[in-house]
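What follows is a set of structures to go through.
What follows is chain A paired twice: with chain B in the first complex and chain C in the second.
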Partner chain A sequence: MRVSVLQENLAKGLSIVGRAVASRSTLPVLNNILLETEHSQLKLSAMDMEIAINCWVGAMVEEEGQITVPARLLSDFVNSLPKERIDMELNARTQTLHLRCAHYEANIKGIDANEFPIIPTYQGDMDAPSVEVEPAKLRSMIDQVAFAASKDDSRPTFTGVYTLLEGDRLTMVATDGFRLAVRSAILEEPAASNLGVIIPARALTELSRIISTVSLGEDDGVEVIFTQARNQIMFHLPGVDLVSQLIEANFPDYKKIIPTSYNTRAVLDTGEFLNAMKVADLFARDAARSVKVTMEPGDPGKVILTATSPELGDNVSEIDAMIEGEGMNATFNSKYMIDVLQIIDTPQVAFEAVSATRPGVFRPVGGSPEDEYVHVIMPMSPR
Partner chain B sequence: MTDDFRIRVYGHAWAQDLLRRALQHGATRHAYLFAGPEHIGKTTLARAFAQALTCENLAGEDGLGACGRCRSCRLAAEGMHPDHRLFAPAGNQLRIDQIREVVREAALSPVESRYKVFIITEFERANVNAANALLKTLEEPSATTRIILVSHQPSGLLDTIISRCQLLRMRPLPESEVVRALQERLGLEEPDARRLARLSNGRIGRAFSLAEDPESWQSYNQRIQEMQAILAYSPAQRIAYAQALEKHKQLEIILQEWLLWWRDVLVIQNRGQALIVNQDHLDALTDLARSIPGPQIRRFVDAIMTTAAYLRKNVNRQLAMEALLLKAPHRE
Partner chain C sequence: MPRKILHLDLDAFFCAVEEQRDPSLQGKPFAVGGKPEGRGVVASCSYPARAFGVHSAMPMAQAVRLCPDLIIVSPHREDYVRASRQVMARVQELTPMVEQISIDEAFLDVSDLPEPLEAIARRLQTRIWEELGLPCSLGGATNKLVAKIANDVGKSRAGKGDYPNAITIVPPGEEAAFLAPLPVRALWGVGPKTEEKLHALGIFTIGELAAYPEQTLARLFGQHGRDLARRARGVDNRPVVSERGRAKSISKETTFVRDVSDARKLHKTLEKLAAGVARSLRRKKLLARTVKLKLRLSDFTTLTRQTTLAAPTDDETVIIDAATALFDRLWRAGQPVRLVGVGVSNLQEGLVQLSLWDEQDDRARRLQEAVDALQARFGPDAIHRGFEDTGKEGVE
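== the complex of A and B ==
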């Protein structure tokens, strides 16, 4: 292998794939990045047990070849180099990669590329169900849902985001047993078949990060490919693929959890609600984060947040609101409330409740009708 | 052949047959427990089974049926297969975070093969919490997950673990099979192979390490020297030595070595024709045969066997070893 790349391009590529490098793997080769010449590009790949990332970097290829080298060392070295051309040459016999850039030179010992797991790579026609999603829309879906997935590895099903394709509707669902986030969006072109998979939440958060890092053109979309046979999902962007393993489990029937009616509904300013909740959280932090939410009908109606800490003191905030239905109070976890209020992107939000012991529901108000978002939070038992 | 990457399993033909048939009929179970004494090849069988589970052209009638030539078989043999995960106790225990890693990864689809195979060795070292953390996954892993637990003390496992696995009880190999394996793999001469086979008592892993690893041979010889030295020890010295021995991880193996040693002495004493296992120490053996009366040796041999049985039943190891060493023959 003999190839030349610009330091800036290589450094950027390495930072993208670097997120998929296994941190402490029993498989030594997974601590490495795979470098592979492909046409007039250098392909970088990394993977851990959950996700894999391929990234293509413009290069001058004089001789084809491939090698894996330690990710950490390569990235740290490349990041220290001046913004000039890097020439790389592989000694196939010793599996050592020679790098030269300006006055710097290095030999990095690698592991044979054949030891590296096979990562599916995007090909134009993949003979698998696929859909195209607008990058900004996909990002907002991920950001509104993925945080609600569980961080507890002992229940792997809930560490994933249930992703459903039904005709022209794409839906993402995540829950940790205490809250549930559901977001759906209408696709420009319907999918050929309906299906549902559970994607590790981490894969989607990384995808969201990649979408925000790479420079995309106006018409560029993210192609989502369900490689059913291999039980993987691939997200293809110009110059980058992210492949994720799927969580093989049955996702619970989430629709049953979403209340179909309410006795009280409050519509209020999202920012004010968030700020008042953050204030309440200062006091709730020491008290299992429990905040009492009181909805008082009237003209105008009020939402009152009360937090009491036995040691610190207490706090009451009032927010003007339009209240529909009867008065009610229920206790919720302040962190969960802050999490959801932070990602609701409409100026107003609706909060609905049936009773103090039933889940509360958040919905954005006045958003685009095709981008549906529902967030359900279980109440805490009042103290 | 350099392009044959099959993981070879010596002995355990019935287990290999059973697993191969399950593989051929696509009827492998989701969880197995390979139980049996140490060093008889349980983990090797588990690795070979994993190799066959992920082989790209499973067909052979040999061993478990893996082809030994595909990419997957090669990675399996090199221990580099991304869908094979081997977990061993970190230090003295299988920790709960190791089990959590299994639980998390077992939920994911395989990277490049049909199955994702988890091998957890010395499972008796999982504490109750760690074992319980595995229960749900063990009962209902995803369709593409296979879990193989390996243990030499299945009696120490929770019933709830055992009942969720297909249990294969493996035994030490017959001497003839160990001899054949040593000849085949290492090209040893018949008498050398037979002595090692006898010394290893059907524990093929031990036979291989004695044959291949000079250190393990050295430590064996050192223990033999020490055993001769204690014959002249005072009771206090013997107790001190028992305390040092008690920390040894594989007391049972040491007792087995002693048994074979004293057997050799008895063979010489009675002018028997049987094979002398410790051929290298013929002078020392003959010397002992002359100086220590037969009945004393036989009493000690009985004591060694009783102690070995006690150890299997989890008695206080130090007390057992102290009592045993005080019964060793005395020589000035």
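== the complex of A and C ==
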């Protein structure tokens, strides 16, 4: 293998695939990145037990070839180089990759590329259900939902995002058992078939990061391929593929969790609500993060946040709000409240409640009717 | 508006309950406690026994020497707990502002009640006697400090040999005058060491302490000196804190009749204590963040270790695991142990995050609640965790 690439391009490619490199894998080759020449491009691949990423970097290929080298060393070395051309040459006999850039030179010992597992790569016609989603829309869907998934591996179902395709509607749902986020959007072209899969939240978070990193043209879309037979899903965008294992489980019936009515509804400024909640959180931190939310009807109505720490002191914040219905009092986890208020992108938000022991509901106010978002949080209660 | 605070103390409470169990004890010198040969101490003694100089916390062997006819009664703890609950329930009916300090003592803030303190005290004393047959004494004042001392003084003034049934009220403005003739030792915060130092300064009564320059006391005793000066003038602003806010820590300990060096027995004791602590937490609707272990060795060396949990809990499994881990790190195999104790602190109100779906957590919790309910009804031995040495798993 003999290939030349620009330092900036290689560094960017390595940062994209780097997040899929296994850490502490028992299979040493998975700590490496696979480098392969392919049609005058250099293809970089990395994978762990859950996700795999391929990324193509423009290159000048003089001699085809492939090798895997330790991800960490290669990335750190490349990141330290000047923005110039990097010439790479593989010594096939010793499986050592020689790199040269300006007055820097290195030999990095690799592992034979044949030991690297095969990663599915996007092919034009994959004979599997697929849809195309606008990158910015997909990213906002992920960012509004994925954080609500559980980080606790003991409940695998909840570490995933339930992704549903129904005609022209794409829906993503995530929950950790205490809160639930549901976001749906209308696709430009309806899907050929309806289906639902559970995608690891981490895979989607990485996808969101990749979308924000790569430079996309106006017409570029993210193609989502449901390669169900192999229990995988693939996301394809120009220059990058992300393949993820799916979580095989039955997602709980989330629809029956979402309250269909309320006794009290407050509409208030999202930013003010978020800031008051962050202030309350300072005091709630060593009190199980509990913040009392009082909705007080009146002219104007008020939402009052109260946080009390047995050691630190207490805090009360009042926010003007339009209150519909009766006065209400419920206690919520401040982290959950901050999480949702941070991703609601409309200037106003509605907060609805039935009672102190029933779920509270957040909805953006005045957003596009196509982009439906609802976020449900269970309150805290004295037992 | 001055506050109206009462201090309630059940007179020789354990003895009064024992007399209800066995009326033949009435008027006789007897003591409730452990057997003299097994390191027993006097938990409570009847007023006839007190006339012989017997007092609580005295080794039983010494009590028997002072009063050779002393009848020793083994304690019936469940009966005391039941009687105490009945009393506190009646107190609660008077006011929710009740701070229970022990099984037989409580402070009441009755500022909201219109009648004079003496009438309120009389009414409560009569009710507890008529409905429960238990004698009690009350002290009343504008604050906790003076109410408590008033009660102690009132009880000691009552005739020897019978239940005092005292009521002693210090009217507003007369706190300092009431305290003045009393020995400094009667004041909270004056132990033997402080007493000795005060005596060296020529201070013997609370009045003398109140008249002493506060700056000098502050120089000699620091903040403690300033506190003493304030208390000596009968000033005490501490509120009556009802049950919930009060608990700062909960602990249970066991002193072995003979020192124990068997790992299995120690572990088993530890587990029972930890389970008991968890039960108290659940009853008080509190969660704990810190678990503490206490070991006293045969030479009376006391060792304590504590650990902070990842999340606040009232789950006995978590508390047992934490206490066991501390024990295993602290205890050297074969070391004879005189006392083990398990405690929790860093308490907070038991707010729980509710789940969207009723799941495993809730199943475990429901099991725990069912076990608690059975224990509340039939006693702690009705049902408990299967400990390792029974060879059984789970709940029996």
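Here is the rule we go by: the second predicted complex is superposed on the first by the 381 of 383 C-alpha atoms of A that agree within 3 Å, B and C clash if a C-alpha of one lies under 4 Å from a C-alpha of the other, contacts with A are read in each partner's own complex, and residues count from 1 in each chain.
Quick note on the criterion: contacts are C-beta pairs under 8 Å (C-beta built on N, C-alpha and C of every residue); 3 or more make two chains touch, one makes a residue touch a chain.
Being a predicted model, the structure only gives us computed values, none of them experimental.
Return fit or clash for chain B versus chain C, each positioned on chain A through the superposition.
These partners fit in the superposed model.
Quick one: classify A:248 as touching chain B (first), chain C (second), both or neither.
In the superposition, A:248 touches chain B alone.
Quick one: the Cα-centre angle at chain A between chain B and chain C, nearest 10 degrees, please.
For this superposition the angle at chain A equals 70 degrees.
Answer with first, second, both or neither: which of chain B and chain C does A:266 touch in the superposed model?
Neither partner.
Considering only touches as defined above, state whether A:29 meets chain B (first), chain C (second), both or neither.
First partner only.
Figure out whether A:159 sits in contact with chain B (first) or chain C (second), or with both, or with neither.
first
Using the superposition on chain A described above, determine whether A:86 touches chain B (first), chain C (second), both, or neither.
neither
Between chain B and chain C, what is the tightest CA to CA spacing in Å in the combined model?
Minimum C-alpha separation, chain B to chain C, in the superposed model is 10 Å.
Give every residue of chain B touching chain A within the complex, in rising order.
Contact set of chain B toward chain A: 71, 75, 78, 80, 82, 85-86, 100-101, 103-112, 133, 142-145.
Give every residue of chain A touching chain B within the complex, in rising order.
26-30, 47, 49-50, 114-115, 117-118, 153-154, 156-157, 159, 200, 230-232, 245-249
Would you pull the chain A residues touching chain C in the complex into a rising list?
That would be residues 175, 177-180, 252, 257, 287-288, 290, 310, 331, 333, 357, 359, 376, 378-383 of chain A.
Which residues of chain C touch chain A in the complex?
By the definition above, chain C touches chain A via 285, 287, 312, 348-357, 359, 365.
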